[in-house]
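Next come two complexes built around subunit A: one with subunit B, the other with subunit C.
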Partner chain A sequence: MRTLREKNKTVAEETLFKVTIDNITIEVPAGTTILNAARKIGGEVAPPAMCYYSKLQGSGGKCRTCLVEVSKGSEKDPRPMPKLVASCRTTVMDGMEVKNITSPKVLDARAGVVEMLLINHPLDCPICDQAGECHLQDLSYEHGKNGTRYEFQRRTFPKVDLGDKIQLHMTRCILCYRCVFTADQLTEKREHGILDRGDHAQIATFIQKNLQNDFIGNVIDVCPVGALTDKTFRFKNRVWFTKPVDAHRNCNNPKCCGEVQLWMRGDEVFRVTARKDEWGEIKEASNGKTGWICNECRFDKKKTTDWIIEGPSHINRHSVISQGHYVGVHKPKETFTAVMHGRDPKLLMNIHSVSEVNKPNIDLSLLERPAHSTDFK
Partner chain B sequence: MQALTTRAKAVDRRPMTFLERLYLWNILKGMLITFSHIFKKQPTIQYPEQKRPFSPVFRGLHVLNRDEEGRERCTACGLCAVACPAEAITMEAAERLPGEENLYREEKYAARYEINMLRCIFCGLCEEACPKDAIYLSETFAPASFTRQSFIYGKPDLLIPDPKTQPAELAAAKGLS
Partner chain C sequence: MSRKLLLEKAHVEGIRYYDVYRREGGYRSVEKALKELGPEAIVEEVKKSGLRGRGGAGFPAGMKWSFIAKPEGVPRHLVCNADESEPGTFKDRYLMEFLPHLLIEGLIVSSFALGSNDTYIYIRGEYAWIVDILEQAITEAKDNGWLGKNILGTGFDCNIHVQRGAGAYICGEETALLESLEGKRGNPRLKPPFPAVKGVWDRPTVVNNVETLAAVVPIINMGGDEYAKIGVGRSTGTKLISACGNINKPGVYEIDMTISVEDFIYSDEYCGGIANGKKLKACIPGGSSVPILPANLLLKTAKGETRYMNYESLSDGGFASGSMMGSGGFIVLDEDQCVVKNTLTLARFYRHESCGQCSPCREGTGWMEKILHNIEYGKGKLSDIDLLWDIQSKIEGNTICPLGDAAAWPVAAAIRHFRDEFEWHVLNPEESQKRNYGLAHYADAIHVPVTV
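Right, the complex of A and B next:
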């Protein structure tokens, strides 16, 4: 018995590789990618990733934002790798030394990659619903350069509806293929993919086929930019004016975990998304599986009574979403009656008697489409 | 004790002289100063008949801008509202329908836009935050009023006249005519 345990122990010791990333040494199992090893260290050491998604098999290797320099290949072969490598696709070797933010070469290459990603990306952040939680916004802010050198017309595509609840803005797409992998791995029948090649490549549904799948709404969550957005939330509010709240419900769909994040304003539920971790990826649910949510939870349950609310979600304080400071907030009590012995004040202006914004009898969140001028008459 | 400034003067506590005790001389001295001001230049301005020129950086009432073709520039991005330290700005956005391209510049626009002038502190941060050149602080005061209701400014109060259909009103608003 003892010998077997010792044997297991030696096997486990053998498979652990020592890797040094930005002068921080960590031991990871063999077969781990450099990106995942860096994420174990966390913080600024982890390279940014636009196309790699740990919950999707086969993702990564397309956007080149996670490039790192390998200054020492391994203990046995200490030569450095000749070119920068994509850390999401390169596995660690024992004794490997990696430079990410300590290498000026990497920072320069990353700024170049950001410039290339932004060549065809429109600067319509004021209109885009993804603004405030957009990975490309964060990436260009942290790793990009000011200004563009591109002088030509940007690539444009007409807007497409993927089904009646998902809007595809192909103009904003950076071709990360995450949504294609999601549709492939999460639903039985794949109905959309990439058509054409090179500059003409675009995400498209095959011959105008609607995506009628139970889990297709998850492509909105995996999209790092605003190319795929929720039509039931379209233009209703800005992300940073809504308060993120963790909630759950007993979903009838066996594959759906029912654990979601509600984006509320007052008592209105404006949007439902899956919960995200610190890398912007969908979190594991309490049952240990990835927390994909079904279309019914995402698009149809827009009432507070549909959900059991757990409390405000934790939001990184560097995010613009935390500007509302929702954690630990209590709803204020009406103090007039208590202070004035039951009388109402003689001069009291109810803001709703003058203001036309946020009228209490109109719930824009319950509309299944974006609001139009006809809704404001 | 060391004096804090070179201009400090010790209080004169000597007993008053006969001339000072009469008070008449000191009163005459004061009156002389008062009467001398009659012949000096008057700093008072007779507002509203007379108006002083505004400083070029004066921050007055807000206007919502239009482009040359008269389309509204605001796209309801919410940056003015998030920049506002007094939380005076609220808005509701809508999607532009086909046929409304001559009204709104972008596919998204502010269907409702309100500034609570009771809350506004005229700091001009909304003007600085605006990525679309849509909001500007003009050289106009907020008018006085007895009711608080009149200080909630909506889009009809804020939008500038359409340069295509109302050029005369726009010139008047700019103070050119």
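Right, the complex of A and C next:
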């Protein structure tokens, strides 16, 4: 009986659907969403997602940035879908044709969504800890329009204190509900939710209780904007001045994977976060579990001696964080052979010390200004 | 005098109570349905009747019923949507308040047809006193063997539970209603899965409006074919219209969908004309979320034909020159009303009632309200009108549930048909604070081009 069920399962898994997104055809297992199929293709074909989070059940469908046009429903029913659909929650059908960046309708609607997301956002990036790793910054840069047509006061909220570890800036929130799902699915006691509705809805805790759970720190990582930030890192540094390093430790908490990213400057650990994949979501840990980390790892282990460092993290070169060029050293290529048309030099001599052209004895530390070419003459 | 099916006995003394209701022929349909017809036959009768959902969307009820999934061992539910919150709509309130047993009777028949042993009435929180009326009716029905275990010896068990909402318009959207019924925050769900497959507690569920379920009673009593003969085309049966605004006789009227809009407004049987001898300027014919029409387009279609009170005729011309039947909330505006102010009021309502899930609706409704506020109070710019148009187009169709559309349509229609009134507000900021734009040309006959 069991083997039969397993067999059925593998058969079901083998059912592949052909889907064409922006004229690129790909085969994906039945039940895959359009967004995940597009992510398999990668690049610009993948719609942006602000609320969908593959690791959180029930997430998605809310922000409407991932809207796509389905120009052909399926092979069986080729009618196009009447409205744009949220690609994160719409599953593919066999023979489906989807237009993302090839549809002017989608680009227009997406620019509209970006504008809506920004009208009440404070745009306080210069003082926001999320700047540099903010999905809303990326989204508005890539899909938004210049300027704003909104001429009214932006909404504000009374401040809510979430304790000494997590900072809530409700004004920056885009109500993606990711933190609510995280609190719901990762911690056993739900103290986190949405109050009110419409544009006055807000994330809050029940009667402003502190969030005490071991894993609640993960809400910081899932937040796409600067609404939930790490109080132990707050205002200490800009992320692009720090260098992300992969590290791990043997965490006693059985649910914690212990694999993290340290954000360092020199030997100082400024911040600890979970590791992220190319879509900005938490990466799978080496043991196959989702890489959630516990509060102890995140907030309390801020010394290099607490960690076993694996090496620099891979950061997308388009990210501002990669501006430090910290990944490896580019050794200049040996040029002799090229200059000498493939022959090796017969004799190499270092004439630097005997040459008087470049003033070998100059002590640059004595100069009170930047060195100039004349200093070496 | 048109035919009445639902409100026929509404004025009988004591019809609210079981004894009188039964004496007047109540609960005959339950006897007929449970003893003579089976569940399939009932669904078939409803299909034949052509009954369309009375909540606003007008989806054929029989078809909706036939979609319900019937997995083995999973209970199914019928949920009655009594969260009547659409501004201008108050027909369900009238039905439940004066004829509670009619709804209970319809619910028993429908529950039997769908196999729902636990049926829910989700009623808006503001209808607090009606909850008592319904619960009393349910108790009376139970005492007389129409509810509970083994009804009429058929082995069918059914209980009806009344659940009060907490005052949110969005909970009238069927999936938000189900979330709220489960005790959660009333956020609409993404579809699919549809409630017919995964509804309340992930069980197959049918959600129907109060009037739809009440209409099942006459359908079973007279037969689907006979019911389909009333009305016209695909608008079969009778429809309750709750008329309000600047008319002489506001109230709930039952119409058979064959009368013209003009007759409905001006005849003494119905609205009795515009109050205080004023002239008709505009009308929202189906509850606040449907497009507003100026007088000339309301009474005649763009082709110059008479417009009738039914689904097809009211939507003739699409949104360019038509509107919708909606939930039957008929709001009449006379020449003294300001369309800008009316639109602002509606925009404020939708801003307040947006659940806040989808960004376009959450942010866009607030933005529209602020711009309309500026225009209404003489601080608007001409570019604001185009901006409003653009914002509504960014909301419409881009949200999870129809509230986004409902918020966008009134604004779109007001600009489409009353743009000069908006412009007048902008160009005459001081005068617009002292007087209204008035009737202007909105009742003038429309030139219909003739091709020879």
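Everything below uses one rule, namely that the second predicted complex is superposed on the first by the 312 of 377 C-alpha atoms of A that agree within 3 Å, B and C clash if a C-alpha of one lies under 4 Å from a C-alpha of the other, contacts with A are read in each partner's own complex, and residues count from 1 in each chain.
As a convention for this text, a contact is a pair of C-beta atoms (placed from the backbone, for glycine too) under 8 Å apart; a residue touches a chain by one contact, two chains touch by 3 or more.
Only a predicted model underlies this, so the values are computations on that prediction, with no experimental measurement involved.
Chemist: Examine A:364 and indicate which partner it touches, taking first as subunit B and second as subunit C; both and neither are also allowed.
Modeler: first
Chemist: Considering only the touch criterion stated at the top, classify A:201 as touching first (subunit B), second (subunit C), both, or neither.
Modeler: A:201 contacts subunit C only, not subunit B.
Chemist: Using the touch definition from the top, say if A:372 reaches subunit B (first), subunit C (second), both or neither.
Modeler: Touch status of A:372: first partner only.
Chemist: For A:113, is the partner it touches subunit B (first), subunit C (second), both, or none of the two (neither)?
Modeler: The answer is second: A:113 touches subunit C but not subunit B.
Chemist: When the two structures are overlaid on chain A, which partner does A:81 contact: first (subunit B), second (subunit C), both, or neither?
Modeler: Neither subunit B nor subunit C is touched by A:81.
Chemist: Does subunit B (first) or subunit C (second) touch A:354, or do both, or does neither?
Modeler: first
Chemist: For A:24 in the superposed arrangement: first (subunit B), second (subunit C), both or neither?
Modeler: neither
Chemist: Considering only touches as defined above, state whether A:323 meets subunit B (first), subunit C (second), both or neither.
Modeler: first
Chemist: Inside the complex, what are the residues of subunit B that reach subunit A?
Modeler: For this pair, the touching residues of subunit B are 75-79, 81-82, 90-95, 97, 100, 106-108, 111-112, 114, 116, 131-132, 148-149, 152, 154.
Chemist: So in the complex, which bits of subunit C are touching subunit A?
Modeler: Touching subunit A from subunit C are residues 168, 170, 185, 190, 351-360, 362-367, 370, 387, 394, 397-400.
Chemist: Enumerate the contact residues on subunit A facing subunit B in the complex.
Modeler: Subunit A residues touching subunit B: 124-127, 131, 234-238, 240-241, 320, 323, 349, 351, 353-358, 364, 370-376.
Chemist: Quick one: which bits of subunit A touch subunit C in the complex? Just the residue numbers, please.
Modeler: By the definition above, subunit A touches subunit C via 60-65, 67, 83-84, 86, 89, 109, 112-113, 115-117, 119-120, 149-150, 152, 155, 174-175, 177, 193-194, 196-201.
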